[in-house]
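What follows is a set of structures for review.
Heads up, the next two complexes both have chain A, just with different partners, chain B and then chain C.
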Partner chain A sequence: MTDLTPVTALGGTVPRSEVFGALSITENAGLALASLSLRQGQLAPAPFGLVLPDVSQTVSTGGYGAFWTGRDQWMIEAEGQGDSDFAARLKAEVPEATVTEQTDGFAAFEIQSSAGAAPIEALMHKLVNIDPKALGVGRATRTGLEHMTVFLIRRADDRLAVIGMRTLAGSLWHALAVAARRLEA
Partner chain B sequence: MTRLAGGLIDRSLPLNFTFDGKAYTGFQGDTLASALLANGVQLMGRSFKYHRPRGVVAAGSEEPNALVELRSGARQEPNTRATVAELFDGLAARSQNHIGPLDRDFLAVNDLLSPFFAAGFYYKTFMWPKAFWEKLYEPAIRKAAGLGSLSMLPDPDAYDKGFLHCDLLVVGGGAAGLAAALTAGRAGAEVILADEDFALGGRLLAESDLLDETEASVWIATVRAELDSLPNVRIMTRTTVFGVYDHGIYGAVERVADHLPTPGDKVRQTLWRITAKRAVLAAGATERHIPFADNDRPGVMLAGAMRAYANRWAVSPVKREADAIAIFTNGDDGHRTAMDLIAKGAKVLGVIDVRQTAPRFGDYEVFAGATVTGTKGRLGLNAIEITRNGRSEWHPVGALGVAGGWNPNVHLASHHRGRPVWNADLLSFVPGADGPKGLIPAGAAVGKGGTEEALADGMNAAITALAGIGIVAAGIALPKAANAAAEQVAFWHVPGKKRAWVDFQNDVTVKDIALAHKENMRPVEHLKRWTTLGMATDQGKTSNISALAVMAELTGKSIPETGTTIFRPPYTGVSLSVLGGGDTGTTFRPRRLTPTHHWAEAQGAEFVEVGQWMRAQYFPQAGETHWRQTVDREVLAVRSGVGLCDVTTLGKVDVQGRDAGEFLNRLYANMMGTLKVGMVRYGLMLREDGHAYDDGTCARMAQDHYVVTTTTANAGLVYRQMEFFHQCVWPELDVQLISTTDAWAQIAVAGPNARELLSRVVDDFDLSNEAFPFMACAELTICQGLRARLFRISFSGELAYEIAVPARYGQALIERLMQKGADLGVTPYGTEALGVLRIEKGHAAGSELNGQTTAQMLGLGRMVSPKKDSIGAVMSRREGLAADRRRLVGLKPLDAGTQIMAGSHLFTAGAAQTMETDQGWVTSSCYSPHLQSYIALGFLEAGDARMGEVLVAANPLEGQEMKVEVVSPHFVDPEGGRLRD
Partner chain C sequence: MLIPHPLLGLRDSQEFTYLGDAALMQRPDPAADGAEAAFCDYVFLRDNPAGVHRELWFHEQGDRSWLVVTRDTTTHEILGAELASNLKLGAAQ
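And now, the complex of A and B:
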């Protein structure tokens, strides 16, 4: 175990979390990410028991998840493994496929509503040109948010993950927090 | 007070406000215009050019005259139309565009000088002498012109933006719009109903027409209640849909808090981008006036507006109750106003109808076959001249309503280059069939302005629109309504010798149009620019068609032959603040922060914007008073000890797959497939046209795994280019790409002590020159088990490495390196020192890779491998490029203390300095503390064969000229011993 101390994408020693009325936004520093791409002619494997999903879909099981990011390409998520060499673990699962470490390429923000889907959808109206009705539970997409590129993952009716570039974490947090705060007003 | 009975104002809620400092009272539901009229205030402003006294003309967003400054301090807002400014308690408004009091404007002298201010005046008068324009004429004209004034303070309010999606967007909440929204809402479609007004109803609010034999407001309230109850319908009042954009996107501004004294914790306005599968344009129609002599006096207004003030706001537009009101019309519509005014108890002189066989609908006098030929009243109308059969007589009146017919609001339908078409029966342009896809005009916007027909047309438009997207909508039971009589004749202006205003806001008269005709400015585009007609803030909503008609009369052509007025967005003015999207200052745009950003901030670093990135520019220390001191220290520290620089910003692309080597062979000009595992190679990419594109390093981590680095600026572009060639050009290659720029914090460790410093953090890794030579790379662990990547590459020319760790450890790593290297003289350095180091070493950067340079010019011609094809290779061999003899050289001033300006051009000493004798240019320049001299890089004609020659570097912009000596671009360690040993 290294003796270096990591910081979160927002630069803190602990993940940031804030409540805005019915919405809470939490930095998910524990989320590990690795991309999985098939080699030409390779059949889709099932790492960690995940059935790799089709276009704009996401799946999850037992602390692992996957969302489609391109043709024959997925992002694999692992909860609570942000500090580990998750790419190596994934590679061990799918030795034939191409795996690239992505954990620190991104900053993940988990948005939770305490009042059902409506606050999540109202927030989306302010942030992304995506019809919330088209981003139902189990759907994922990549889109622009305040001139930044993000993945949106609708984990549940009342939960949305926004995953953006790590170096833009501060700006992304600002965008999310300002929009959430205005919904409170 | 000239309040009438009834109206849709709440008399239980009086509101106090001021206009030009004087206190007045209005009611909830009033606009500033209706409240001023109710208080007998007709004079509301001065005209743009002649400073003529002006009063309100319209009752909606088309208002050309009644522009005021609202609020004060930083919230002062010029050119606000009093007709759409909702009254609130404490509202403070001021008239604008005058010097001295409104009723004694000093600049009214312009009116006396009007013969000099004809159309095209500016173009003719201020041409000579040419040099006077910028310094004298333009500032003077700008000072005299313009309407309201700016506070010059930053806008204190917050603005927002957002995105909505719907099946059907209904633009306008009048009869047609309400019928459309209700039809679609009941069918279960996702509906957005937007209206610029604060109340739904449109002209239904302004007319006395009954629906189901009761007041229209009852039906409106019923519909509103039903729409409110439908979860699939979103009602957006105070929202102007101002433009149609690509892919069915409509721009709309919601004025969230404009009707409040201050927004409080709300945003002021929200910019919405509405993606609508279909839209119904139910934007209604705008009445036009009839130009006649002195028709711009306060008290002369549109007859339809007069009706709106009477019916909706219970206001008579006269100063005193006893004053009579006259109506001047070319059709039946003017008579409606007379009838409504009489019903409200106002005193009506009669209706002046241009038709010889004018009808009479009630108990009022009709002046058939008559026109209005003059007005009197210094600051407000007190008499009109009625001329009939050549005989004129003056009649005292306090107000005159003018009804010249209605122009459908075709604006949105003419975005996307839709051409309105002339309808001779309606005497107006209506939306053409080539408007924006999916937009169906309905109701008055398509000339169906009768209440009954508008309701039916709105319903049918919704049914048609939804059918297009597979939603079956049933017809709804519409209220019983009638279409008012609407006969009219073509009558566009009253000929005469005196000035008759067409465009009130920009002071354009019939005479100006005649002059434009005389001066051959006849096409509407020329007419508009020559006279400025329609170019004011109202965009000529009340004047464009009348102007066309006047020009048509002069040319003898029909109106459609004369031209068509089309419209661009926005429909009404949109504030820059709301277009800006809200964020200002440091949050105006996203900023990418490097993994060591917060640490650098704590060290007191100065930052510089590099694209989206914030990079540490230099790290000042106590006692350093000038940035050069800091940078010189940082540079020398790297050359003598060891320096640290965050280079995370360089693009990193992970390339894997069986064909990764072949893919990179095709991407780079030089060979990458032969690179040994564990080694790095400098790579050059060309553009498809053969010019140099980007450079960087390519590391082979495994047989089928490379890591490509790009320049900071081109990281996104190169990655995009790689994806394009991978997906579209060479899909047969087994290659997988993904960016890892953000994933790894990468720190350059450069200087003679770099190896020693790194040896203190690596876990059991042999850093010796033999085991890990120049251009080696490896995966390893550091600091007791942290996975890392190490590259022995050098931008500075020193013994140097770049070490990469997962980004979350970047800050900890630099802190550790600083701590471990204290005795080695470890020094953080920023982009300035980085620039000096690379110029001293002769390494190209953005200034040299500017899109105009070739590999040969950079001295890298041999890197373009002839053994394989690659992007741009063939084109790089074309004569125009291959024959270019300019080469990268170093330049030293003969006087070491004189800076060479980057951008200077190079000339042979003694030669004339012309384009023809130009020998090249200076690309990068800096002070080299190592050489204790300014130095520079540049491209020079046959530069590689001119070492030692003395040239002139000329910078004509700054009036500089200096002598420079041509030297090798490698100022430091040209043999490269330092980085290899």
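And now, the complex of A and C:
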């Protein structure tokens, strides 16, 4: 049988991680994603006990998370389940809703600051046209970053997740790393 | 230029793509008499007003909603934005 080696979105056998002064950027290869959308007139379900959030909001509980992506549409996250068929598990939870696998379409990068919110906000000032103060803890939005479409999720004051298209993972890493390196200088 | 998105607040116009006149939402009935002529007008004819214009914008790098944006074509002032789905569903009732 063919011996296949799984690789991450950046092509490595282990997730890439690099420190730039107060900021560290880590590829989150284990994050599973699936989108959930309602058909007209459906009421919002509660998959894995998540109360699906309103505009720009996020929720998380016990390794699962959800963030608003559009009207009657959310992205559901599962930590450490990137190598499993998460969409099928979600569909089993909410058989009436429309579920689409997204793990293979996106690459997630977790940015952690060791000096509070300021370095995260400085990085956002350099990269996106979104007010960092408006993107407070527990909020998420989709925007453009160097002509790439990304989801930004403010997981904590000192933590920001950037989820972008998987085929552009290398360019997205480059954009984040260059901006973080310039802040360090 | 900032677009006042009804759900997300002020957003950079670079996140949007532009389609054109909001009258495109009123597609002619293909089964009606004279449908061919109506579709010819629908596809090819556009007003080109100097002043207030209602137009369709797609929030591509955002929540992927269609907006009807009212814009003054002479000053580029944005006078308002509404969700196209609200207008469409409201009109159908």
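Definition applied: the second predicted complex is superposed on the first by the 181 of 185 C-alpha atoms of A that agree within 3 Å, B and C clash if a C-alpha of one lies under 4 Å from a C-alpha of the other, contacts with A are read in each partner's own complex, and residues count from 1 in each chain.
Simple rule for what comes next: contacts are C-beta pairs under 8 Å (C-beta built on N, C-alpha and C of every residue); 3 or more make two chains touch, one makes a residue touch a chain.
These numbers come from a predicted model, not from an experiment.
*Asks:* Which partner does A:Glu121 reach: the first (chain B), the second (chain C), both, or neither?
*Replies:* Once the two structures are laid over each other on A, A:Glu121 reaches no partner at all.
*Asks:* Report the partner of chain A that touches more of its residues: chain B or chain C.
*Replies:* For chain A, the partner with the higher number of touched residues is B.
*Asks:* So, does A:Asn129 touch the first partner chain B, the second partner chain C, both, or neither?
*Replies:* Both partners, chain B and chain C.
*Asks:* For A:Val55, decide between first (touching chain B), second (touching chain C), both and neither.
*Replies:* second
*Asks:* After superposition on the shared chain, which partner residues are touched by A:Glu79: those of chain B (first), chain C (second), both, or neither?
*Replies:* neither
*Asks:* Would you check which partner chain A:Glu146 touches, where first means chain B only, second means chain C only, and both and neither mean what they say?
*Replies:* It touches chain B, and chain C stays clear.
*Asks:* With the two structures laid over each other on chain A, which partner does A:Gly11 touch: chain B (first), chain C (second), both, or neither?
*Replies:* A:Gly11: touches chain B, not chain C.
*Asks:* Is A:Thr167 touching the first partner chain B, the second partner chain C, both, or neither of them?
*Replies:* It touches chain B, and chain C stays clear.
*Asks:* On chain A, which stretch or stretches are contacted by chain B in one complex as well as by chain C in the other?
*Replies:* 129, 134.
*Asks:* List the residues on chain A that touch chain B in their complex, please.
*Replies:* 1-9, 11, 29, 35, 37, 39-40, 73, 82-83, 85, 98, 100-106, 124-131, 133-134, 146-148, 165-172, 174-175, 178, 182, 185
*Asks:* Which part of chain B faces chain A closely enough to touch in the complex?
*Replies:* 158, 160-165, 190, 265-267, 273, 275, 582-583, 587, 589-595, 597-598, 612-613, 648, 654, 656-658, 734, 736, 738-745, 781-787, 805-809, 811-813, 816
*Asks:* What residues on chain A touch chain C, complex-wise?
*Replies:* Those residues of chain A that touch chain C are 55-56, 68-71, 129, 134, 141-144, 149.
*Asks:* Which part of chain C faces chain A closely enough to touch in the complex?
*Replies:* Residue positions touching the partner: 7-9, 11-12, 14-15, 60-65, 83, 85.
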